[in-house]
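Naming follows writing order (A, B, C, D, E, F, G and H), and every chain is counted from residue 1.
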């Protein structure tokens, strides 16, 4: 119920002032003591709340996912290690675990967006885990993925050879560590939006991904926007929002 | 001509090997001595080459824009000061100068994209110049703009009150300095893509925009991607790419 | 009107749904085009909205202060230079200008808080402008100030000699640049809350106030909290909140 | 004995010059070889000396706490791991150990401050250990705590729904990692003092808490002061000082 | 085949347009799914593609090296730990493993460059692993090495005593940690090109090699260029390029 | 009067308790409103209080120096520009102004320390102003100076040729910008204490003196200690303390 | 005279011990009070001492160059502004001044190195001043230059089209600001040594050239070494050393 | 033999030119393959070469110390862990190991400097290991130590009470982590030289000792010079140089 609907209910006498007040302020939260689930997030922002496992115990992750599983079909947890995976599998045996990407997920077969694929390309083999975190997230949201890995700028013909494929995507996620030059090069070759993901691959002045981050943000090729270092998940959500056609709303729910 | 077309011409005997080789490698550049114009950029990336005035003399800016004016209708120059504006007006009297944004432009009335507006919101009055750099660029590319300024998080009701308007945009550019919290808050309220622009507004630990940049990249609200500090132009180009519907290509030009 | 009052009006039929919806979302803002004044801020946060002049033109500052003067008696603007002062004096001749502190203000004689003084001490003469920004703000909010300047740690007896005076304050603002050791020393001597303000005084490794900031945040003497470099204003507002007795609320307005 | 009392004793002939000199300089220290306990700290600063376990051996922690237990009822040690806890339990079996917060404490039932509760809110579940370090410290000093966890800005309705509760506190401790936006939002909603605690939760540009720290110090919402990253203890002591009513002193002990 | 040759083949009817297009774009890549080998790199850049083991599993390293062994004699992998070494030895028993340098290599006896030796000198014993990474790489490319280790500036006579030997080298690699002063001193003594390699040796302000890096880049002695911290491999490749006589090309392959 | 003397006076009845209390706490300070002069500093620390002009108005500098001139013969002010010099000359016509070093001083002919000279050497001509700030300060304290400038490490024979002169000094101040290697080299050549002063000479990665600072602090040559960037004054005071023979004290004044 | 020659003279009785000692230590320096010229540098390091004008007065620059002109034909000064140029022209009317590059020089027609050209390429028009500082220096040393400017990675065909020209150079200087990707791309295309020069072009996260510097040092394309930000001069000297054929020495002068 | 002596021998015919040349350049080094011992360092700089164990294998440490033991009585190794200690004890059973300080040493009973003690004071118990590294080094050089630990600024009376003892030392080493305020406070109380040692104690903004380092270098109390973070050894050597009386030299050996 949005504000207008609640007010209509009050005016109509179907809802008491006390209940309306509560609904307006507090209704969207499932309070679990150590966590407050944001049940309306899918409706409000276009995707379900996702569990970030780093800093959570395996048990906390399991309890939260189990609780979410009662109200939604798709489930997604990131930065999950083997211990999180084991604990979650106890309560949700159908969960998939992808160890390279640190992803736990349950796909919702009914969640399929009719759109062009989202292209995910990486500069090197070492960027695989970040690229896969993005790819698996994109699929969970319901989009399709075109994967093209290990096409870094030290051998430019590798990326030039896939230019047509990239231009046929709805948008692109470009994953690179070290000097982070790939998004600039890609953005100069194509006309689709490019989301750049710096990775922490490299040593010394690579500064755990900061060299790549600064390079991507300084790109001379406009059309590039950037997410946090190693944040394949964030890039995926941004790409899915981009790849989801906007619709003109009137009296939209949740407004 | 793309590679296939050139090859067809060679096979058909309409094009000599020498000419084909030159076309494949060097045809797309107008060499002006101190600058090489990239005449194919509009075709290849979706927008014309834009003149970045910082570090260029007024005369250089004027010569480049004049040269561009012979092959394209829309013109855009950023970071232009009064001296650039005067020099350009000598050779292109029809140019518009927007001093707050540092923008020189000539609109192309025929360049109109059929799409939802791009929303541009700013946290404070001091962020105006960056927000306007973005807005004027978006308009030059041919999209429409919804401006909503001074809606920072210290008074949350200001941004909450425009939520419906924001959800009705194709995508959003959110401009903020200081602690840079506005993109997180906006992204949690809406389902459209959010491009965050940190500004150099603030002092001390604001670090010339780095506090805002780090905050935006660390956002707990997924769906946000970020451009360089004060880079209204870059945000605008990224937003226009996002707001331009992708089309399925086959034998696409430039491929 | 708070949410409950609005709902009561709707239930009683005294307020249409449309009007209620607007009130719930947008009523608290005066939209001036380039700025949206937050008229409820005094009620909501305990102090009026203050004008931060840096990055605003003299004319913008003058228009905003003039608009504020129609709804409130006390006025305060920070980081004002001579040009801001002149423009504001045109429309508000009664305004006071304090050039060392960069403060423009109009005191409200009726705004007097019954509380202990707020002590403001500084390490060196060079910290004067920041200390005075704090002191003049505190007075504008309605508290009294005890000023004790130039008592840095290179001559410890200077601060030790005023220990009794400091313990008789409601809370303390300690302003220091360079190595920023004074808050640690003061906090070890007294039992009142200490708000530390690093200043940009110093050169080289002082890093524009960062050495002092880091030292203050690393203080081995608990009870110290810190604000931004040179942020005398922020320290003052925090001190005034601390120095204002809390009251138990029930059915509070704005809740 | 304060300076005046010592001088009176000397004048009266009850104290030799040698003894007075020693008292003025050295009386307040218990020298344990590797540590000098500051027995007057409670009297001077309002709270007992607390043991910081990081960098101390379990045995050192145990010896110091045992020694403190002979002169004071309340005991508190922070950053204690399991090894510290075991060693201390050997000599002080009544000690409580809180592993999430790394706190060892012995409450003093007689230490109860008559004041409003101190509100402690956190942005995410991962901030729990820091929030609990603060909460357990506050209780040891003798204040009461209102805990409200996991109310981050990605779902603003969570914090908006508890606004009344927060305004009914004496002061607030706001714990957040990542982009650290919660203190700005809270400070714009309430009128009580806000102490912000950045946490090291996050990765990449979160920079171990620095992104949150910079954001909190840059906050556009005045009234916020900040402590070190993960410093729940320091925030608690600052909050307790704030929450303890000031008293007008005359001839105060220790002055 | 270079572009001209391919075009000639097309004109002559020996090559179809489809095949030519593929050759122009994709022929130089061996796609292994998780990696795309750049088989033309030796031809194009003067040295084979080298396997960077950090972030690769032992199995990935083994598969890539095995694949490379089918088309080239010399093999080189850097940052290899014992696990990489074991996995590679399973499939390439003739591989050499140098644990101090983390190098896996197979020498190509036929790859011998006729040139002066490359001098490699280090400031301290602790810089050995980086110096050896450089030395073993240089040898794999086919140049000879003059090793002179532990000649740091705290005892200047050590480096002064080998000045003649250094001037008799084709170029010099100077490896140093801590304050990184050795390249400045060497460059002032000799007339050969100096490539400086900062190492992560040191603690505190040495900043993991950044103090040395900044010092080397700030050198008052011209003729010094610098590579990444601990990047013995990169220094070696740069030195080998320098030490390989340039030849005037006409219709060069790959042009 | 030290503490013991004051206590003796009280015991003897020559001093009232009130006066003694005041003397113990406040007697050593000349309160000038905006500044509190520390008149006992010479006695306590071995040198007079020095006026740091940066951030002070010319008038403030003049008033403070005039006040100091009533109680001491030697006067010293650092970071003085032409305006400070003019204002001070109005009230102290005998003052010397050294514009390169930014020093204002009045020598005290009676202040002569019997000690070896203090050697001051600089790496380049551009470091002159910092070296002279040190040299003029040393002379004001009463020591003699041996100046040797422009002996940087790019030509090692320049410093090697003055080794004997350096070893004949009481201690050495070594001033260098850029890579800051000179102190390491000097400290390896001599046995006297070396105080290193990084200067802000250089650009890019020299980072305003930080490259030199880090290098000096990371020096592999023990015996070097470091002061702030461009802090010739601080180096001079440290050197003078070192160069002043320690004396065994008993019942020392000020103890 | 080298050490051996001096010793022979002593043995033969042609040189006294005192004179020999002086020659061994001090002979190579022209002491001008504020500067010590290093007359042997050309002999020792392959190029004359160059005057760095930043931080020197116009008069100092003029005196030093005049003094150098008595012993050498070629003269070079960098970072010279108009004031330096005017002062030098007074005493050396034949000097050339290049304002874009800040270079003062006098060519020595007899200094011509027989070698391939040194290629200098830049990413953008704004990098011109740094590229020209390099080019003019290279020419002064006696090498020839191939200039190719404005070939940045946003339009890759610009650099690809000049690949043959680059491979025909002795070595390459690649100048780029912003994300600094050009050296990586060039190094992957050619087999000659690449010296990368980051420029301070850009804003925000470009960090005055640090983003480009970090990217260049992190380059995934081996063969790149790097000099300080904006250091066209240093790159030129390094390139000239590389481009000068090494010769096998025996009993070399200066050894 | 110094240069003059060697020349005299040559002139007298007692030494061939070849031998003299070798002695002038290479005589002072014991080449061990992986290390070159600097046997003249004690003579040249006042103290023996010390073994820095970090980054050396236990075996390397043992071999170097064993070799040194043949030419000198005193031995010292820093940053030694248990493994280094065990390996060294195998070959030098008389070695002492101090695990808290990480020091291995053999005292030379004949090395006793007649001087005042060197005072070593630390702010907290956690700084013990650094303070002891300094203390044990000082003793090995032959000076005596006055230890005063845990006298930090949170309880100022602790340091004030030992002021006389500090003034009776030849010089002071002040060890502190966190905000690093103790050296400023001590330097304001005493007249002896103060060497400040920042420690890596602390967390968050303490930045591994950088907050303390910056504070110490920014100290408003002149007379303080600083060494690297945790560098107790370096502070000790600097202090010993300071504490060793300078002697006027003529024809000094090694000059």
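By our rule, a contact is a pair of C-beta atoms (placed from the backbone, for glycine too) under 8 Å apart; a residue touches a chain by one contact, two chains touch by 3 or more.
Computed from a predicted structure; not experimentally measured.
Think of it this way: of A-D, B-D or C-H, only one pair shares over half of the F-G contact pairs by residue number, and it is A-D.
Two chain pairs, C-H and A-E, are weighed by contacting C-beta pairs, with C-H ahead.
Chain centre most remote from that of subunit B: H (centre = mean of CA atoms). Spacing of subunit C relative to subunit F, judged by their CA centroids, is 38 angstrom. With each centre defined as the average position of its C-alpha atoms, the distance from subunit B to subunit H rounds to 58 Å.
Taking each chain's centre as the mean of its C-alpha atoms, subunit F lies 25 Å from subunit H.
The set of subunit A residues that touch two or more partner chains comprises 25, 41, 154-155, 160, 187-189, 204-206, 210, 213, 217-219, 221, 228. Applying the touch definition to every pair of chains gives A-B, A-C, A-D, A-E, A-G, B-C, B-D, B-E, B-G, C-D, C-F, C-H, D-F, D-H, E-F, E-G, E-H, F-G, F-H, G-H. By the touch rule above, subunit B contacts subunit A in their complex via residues 41, 44-47, 50, 116, 163-164, 167-171, 187-195, 213, 217-219, 221-228, 233-235, 237-238, 241-242, 244-246, 248-249, 252, 255.
In the complex of the two chains, the subunit A residues touching subunit E come out as 125-126, 128, 149-151, 154-155, 157-158, 160-161, 201, 203-206.
Across the complex, subunit A meets subunit D through its residues 25-26, 28-29, 34-36, 38, 40-41, 52, 54-56, 60, 198, 200, 208-210, 213, 228-231. Across the complex, subunit F meets subunit E through its residues 123-124, 152-156, 160, 178-181, 184-185, 187-189, 202, 204-207, 210-221.
Within the complex, the subunit A residues that touch subunit C are 3-4, 7-8, 10-11, 17, 20-21, 24-25.
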